[in-house]
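Next, two complexes with chain A in common: one pairs it with chain B, the other with chain C.
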Partner chain A sequence: MIKSFVKLISKNNVLEQIRYASQALPQLSSEKYNIKRKTFGTIEPSDVGYFRSILGEERVLTDESDVLPYNIDWIKNCRGQSRVVLKPRSTEEVSTILKYCNDKRLAVCPQGGNTGLVGGSVPVFDEIVISFALMNKIDTLDDLSGALVCEAGCILENLDNYVREHGLIMPLDLGAKGTCHIGGNTSTNAGGLRLLRYGNLHGSVLGIEAVKADGTVIDCLRALKKDNTGYHLKHLFIGSEGTLGLVTKVAIHCPVLPKSVNLGFFGVKNFENVLKLYKSAKSKLGEILSAFEMADFDSIDCTVKNLKLPNPISEYPFYVLVETHGSDEAHDSEKLTRFLASEMETGLIVDGTVASEPAKMQTIWNLRESIAGAGLAGGYVFKYDVSIPLKNYYDLVPILRKRLGDKALKVFGYGHVGDGNIHINVTVPQYTKEVSSLLEPYIFEEVSKVNGSISAEHGIGFRKPMYIHYSKDQSALQLMKDLKQLMDPNGILNPYKVLPDAV
Partner chain B sequence: MSRVLVGVKRVIDYAVKVRVKPDKTGVVTDGVKHSMNPFDEIAVEEAVKMKEKKIASEVIAVSCGPAQAQETLRTALAMGADRAIHVEVTGPAYDTLQPLHVAKILAKLSKDEKADIVIVGKQAIDDDSNQTAQMTAALLDWPQATFASKVEKTGDGLTVTREIDGGLEVIKTKLPAVVSADLRLNEPRYATLPNIMKAKKKPLKKVTPKDLGVDIAPRIKVVSVEDPPVRQAGAVVPDVDALVAKLKEGGHI
Partner chain C sequence: MIKSFVKLISKNNVLEQIRYASQALPQLSSEKYNIKRKTFGTIEPSDVGYFRSILGEERVLTDESDVLPYNIDWIKNCRGQSRVVLKPRSTEEVSTILKYCNDKRLAVCPQGGNTGLVGGSVPVFDEIVISFALMNKIDTLDDLSGALVCEAGCILENLDNYVREHGLIMPLDLGAKGTCHIGGNTSTNAGGLRLLRYGNLHGSVLGIEAVKADGTVIDCLRALKKDNTGYHLKHLFIGSEGTLGLVTKVAIHCPVLPKSVNLGFFGVKNFENVLKLYKSAKSKLGEILSAFEMADFDSIDCTVKNLKLPNPISEYPFYVLVETHGSDEAHDSEKLTRFLASEMETGLIVDGTVASEPAKMQTIWNLRESIAGAGLAGGYVFKYDVSIPLKNYYDLVPILRKRLGDKALKVFGYGHVGDGNIHINVTVPQYTKEVSSLLEPYIFEEVSKVNGSISAEHGIGFRKPMYIHYSKDQSALQLMKDLKQLMDPNGILNPYKVLPDAV
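Let's turn to the complex of A and B:
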């Protein structure tokens, strides 16, 4: 009895330990990518003493094993060398910390749920990690306007559970929802599974409170849908990945909880038919369409096998997931039935299933959301997240398969068709420079040729500044650099990230 | 070949958070998503498998409840049941419908439909009674194979593996018999689109307990329904020694 009790209580910690003990630590980012430390100050015991004087003992982590998880990113590609993690609980504390760091030229790395996929959330050298984990309070919710105001460290899924109690949902949803923070979502302008329906965060974020590098608190936290008073500064903090300021509070618009939800999961013969089905779904389902996602055979196969998840339907070259959100069950189900009947007749849908029961829908969504993590079980994953015009959407996958041959275990593609955004994963037994150099910059060149984006929703972070020019021209990069100079003249906020040194 | 009768109950979906009514007479069901009791899905799956293996000639799904019980029956039909019987029980009568009533209804229908096997879930996830299979068997005076994790046709009877404390028990029963499905009996399928479409056209008959001569006057009175106590926040302890010390301190060991 007592044994199983102990097991239960320590399960999470043990899992964490296994995660780090069973796998060799990733190579240090600075070595792997040959980066030189910039001339920042180094942390002295007196600095740690100062932080302790503001935050107390417990909210300043310096123990190596305590700090380690904050140094490693989710896909275990990057490892930093930070020795201090700070856990502020209020905007004032963030401001005090930044003012001090700015005066002393100490670099910082803001961290939310650390689920970012481009290495932006972990330090490269000894940047001080500022974790938002304890800034997790909800300020207000207006259930008429749908405006939610909360601190940056609130976990997305907790917020969603909270607003659901009030008949609302969060405007974004993604596989990492149980871990990622709203501040991290905002800082990466996360897209996710329902962008198609509810738009991106530049639309749904109503206001932001952020702290500039010098500690100044910028208050743009109005929870208004309309506020054309001067420059729209909040947008500077949406998607700037912690390089222009630290987001401490967010006001966000929550749409109404749909009364009727349906989910279909279909087998499709080829990619051309996926696109035809998308066109048909847009016209036949119209305003109730809330997600249109696709995954190829290998995406699902790898997820089913590596994570032991059930595939609700038989095997097909492509899978499509269609979700509807509406306010009237009878209306929605009639529409959906007509859409299904017609597309089974045309053969665009070969087979599939539909569900409106929450538990069944969760099982199907879980399969789709787990693809992102499934490749990791087999070794190392190179992940690419690109926007490509729909007619070329899937082209890169077969091209890469050919290019890599047996150097890759699998090359698979899945993603948000509705947003023109595909995730391409290349799984290999372990990271090698050889495979890396076959992929990069090749992929970015190809994406650039069709005027796509080399980073659709994951951002630039640490991994992609050298490739940003494939998507942004000199004029845009120069203005970004000028903004950075204006807002963070000492460059202490998340250095080595987003902007390349030479513009 | 046998004719199989499967009981399917419409319950609050297990992914939904259940709320107690303010007056504590029950839980809130209005506007709450329902689905087929998961153990009944397993029962349907087993019956459909029997049909696919040509052990069963026909699968009849039965649900007692309000009009929406027909949705649950359509799900069973989409999974492969041949026809459905909706025993309509609505309003306050449904609130007080109890396992004994359902068992009487199933027993009567089994006779009327000349069923050889009755399969139900071992329990419904809403009231957790775990009584219907046993009572149905008693009323029919048929053998019962409860908590089945494997069902095979052997000779003119069934060989059923049952999950019991500490292991498995294998029993043989003659037919007709009543079986209750446990969690590991099978993995219920997702209805495929063509079958979902076909299910809309399969026969569904509506009857009332009165038609069947079953009295559904309540035998049990629910005194009060309460929320479970709120779990107290846990605390993280640094190591096992500290944990043991804490447990001793709290008088748990």
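Let's turn to the complex of A and C:
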């Protein structure tokens, strides 16, 4: 089994991302987290026969080695036991599949690029995987209004390349862009690197087509910036992680491609100065500020050492990456230079480099974007993605270092300061319950105390339903449960995810 | 009755906005639109007694002349028959009121600033009006993150003035800002003048506290930019016009106050050139573009003549207002001057004026913002607020002029080109069924043909449920109905609004 899995890595794009991880198969999610299978139907040969009659032989995968990659998540934390993967090519096929599954009480797990970090995109037991990989057509692009309409399985980077040819960019950008799907981005309300500038998906998604559990197609796909005709149904599907319906098409607003892009990478001596620098950047760079990211020493050190990526400046306790998007190279460069000069004089910036050549900017972005994967080389990583009010933003990292002592290899923090969103990674040689119980629910309790969010952008998925009450009160959880009951009464859509068992 | 109503105008702020309208009482909505009262409970003296025990004497209005202003909408199209207005001061009071009303099947009509244009904010029969006017406290403002938390009854302009003192602005701005409430803005997903730059409320509202029909308080008020913990419940209350719950508090993201604001007002010879100018502005002004508005000759002519406002330039077939918000006066002014010089040379701009002094800018904005009220001086105005793909944006105006001939005084169009949103006004000496039937459903059919929206930003309210199917298909309408049934099973929240009777 392990051998065939290793073989798959080299030939299968879905798993290319796991290249930094060790090759052992992860433990079954159901055993690791002691989960009981719910009373869904069990897939029979006649069901497979039905799916083949709809999709043909090639789009119904049942071979164990073909199905395996769809059972394992990117960080190799979860492993499901699905035996069937379906690859629909159209909304009608998704609708037909769901209607059948709903009638037979067969549970399904929708899967986009499988880049999620909370186990939401892989099955837990034998849920049928519905992969959107073949639903990757672009419908229309209006280059004056910026409205792009496309299928859910389009890869984010492909869309970005496409709209760039029309003078536009995608409003979101994230490390997994080469693999993640726009449908998955939408279903998980993905945040990413430029939310600071272009806003979140609830703002930039113009329309959605989705299929309910019973196969009903909900068409809210109009590509209009303003449409106040009744309930704004599309938001039910943005961020509900495939538990209320499967997103099949997305209409999204693409901003104008900036004519001028600049990047600064700075060394900063303490976190207090990172915050002061953010305040200054908001004021001095104003409307051209498109990203304000920070990483601590260990985040960058781990990336440099494990992935052999170059750090363009010397070593500092904190690093800040500032990106600008603008329409006038001379104006932008003047603003950035003025900001840099002023903050080197105040001492907020100790050292730094500024780039506008694409290759150099890419090197710096690579360093930042690779932090998420770099920790995996050390063995196992506990990953937390939380929102914390800015004045407490970095507090948890030193607290956890002290709490874990030598039980952790590293505790490091990095993230989107502009959004109050920090990623905290704890690397260990291997997963142990001891470390896990020192971290959880402790981290969530601490986040809750300061009115933060226990999941800023990664979602709840399979890993966090038991902690959701730290961010949602009983009334909100009851309303979530009521909505689930309304839209998916048999509970077939992505079970064991998002909703806690007891509300 | 008419006399007391006229007297009220001078003493009551709620009605100050009606100053442009004639003074006759509008016909009862139930008669005008032939609506049947639903089987709700009827308010008894004991109910009034209960409300007085909760709110005290002064916050329960029952005097006919006190209640009248709450029964009539801004454009004097609708008149309800409520006999009780409640003015809670806290979420707990709203919750207590709703629990009581739900138990007794008493219908309620929530009311903010009563500036809506589709009759959504006034009762139809004897619904109890719940006015948010006294829930006007600001809770907190974080001037680094930009998060403002406040009660639903805060007036938009007051909030804007408050956050400006902290170097921020509200992300929305509309003509009714001096009267409208942030809770009403949120409940109706108000768009307005700067959506182009700062996005819509689904993007900028960070959190909401709302009360369900049964009195349950849904607390999703965390003031975080990123919070992916389960279903994004707040969006159920944004744009559902008080039919799924009453918004009691709002957390909203305020952008940085621009250091430099410029305004251009241009004459353009035809609509094709308006579109070309928009494309050029997006490219040349880029990130500083904060508004791109257009008005046709008749829109401005009507405003100049009826309201005696000055037009700063000569007469042209079309006018374009371009606003910039930026952080550097010299850079912004250079961009705007370059844009102006270039487009005067191409001939897209025939004539124009540019202003950066607040008083002059205000004069120009007044001209634009007063169009909505100017038509009322002529008698009655049929108002339509639709989204149309840009290439067809202005088509309906000449079509309607031809269709109506001398049955209309004027047909004019103006709006937010950057959002694909046009307001079409048809002025007539008085409301007649003949003109109404020439306009409706004709306009909605035409909008539907080009995949537009029959209500871009005004909502559905009381006036448009019968036309909602032009923008929502049967499955979407059924899901709306299901949500209504789930969250307000007795249907007491803002009845006769948003949802069509037959789905």
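Just so we're on the same page, the second predicted complex is superposed on the first by the 481 of 503 C-alpha atoms of A that agree within 3 Å, B and C clash if a C-alpha of one lies under 4 Å from a C-alpha of the other, contacts with A are read in each partner's own complex, and residues count from 1 in each chain.
Going forward, a contact is a pair of C-beta atoms (placed from the backbone, for glycine too) under 8 Å apart; a residue touches a chain by one contact, two chains touch by 3 or more.
What you see is a predicted model, and the numbers here were worked out from it, not measured in a lab.
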| item | value |
| --- | --- |
| Which superposed partner A:S95 touches (first chain B, second chain C, both, neither) | neither |
| Which of chain B and chain C A:N114 touches, first, second, both or neither | neither |
| Touching partner for A:A355 - first (chain B), second (chain C), both, neither | first |
| Which of chain B and chain C A:S475 touches, first, second, both or neither | second |
| First (chain B), second (chain C), both or neither touched by A:L340 | first |
| Which superposed partner A:S131 touches (first chain B, second chain C, both, neither) | neither |
| Which of chain B and chain C A:T427 touches, first, second, both or neither | neither |
| Residue contacts on chain A - larger count, chain B or chain C | C |
| Doubly contacted residues of chain A, that is, touched by chain B and again by chain C | 259 |
| Chain B partner contacts - residues on chain A that touch it in the complex | 2, 5-6, 9-10, 13, 259, 265-266, 310, 312-313, 340-341, 344, 349, 351-362 |
| Interfacial residue positions of chain B with respect to chain A in the complex | 13-16, 31, 33-36, 38, 187, 190-194, 196-197, 234, 236-237, 240, 243-244, 247, 253 |
| Complex interface listing, chain C residues touching chain A | 142, 144-145, 167, 188-189, 191, 195, 199-200, 202-204, 212, 216-220, 222-233, 235-236, 238-240, 244, 256, 258-259, 275, 278-279, 282-288, 325-328, 331, 334-335, 387, 389-391, 416, 419-421, 451-460, 464, 468, 471-473, 475-480, 482-483, 486-487, 498-499 |
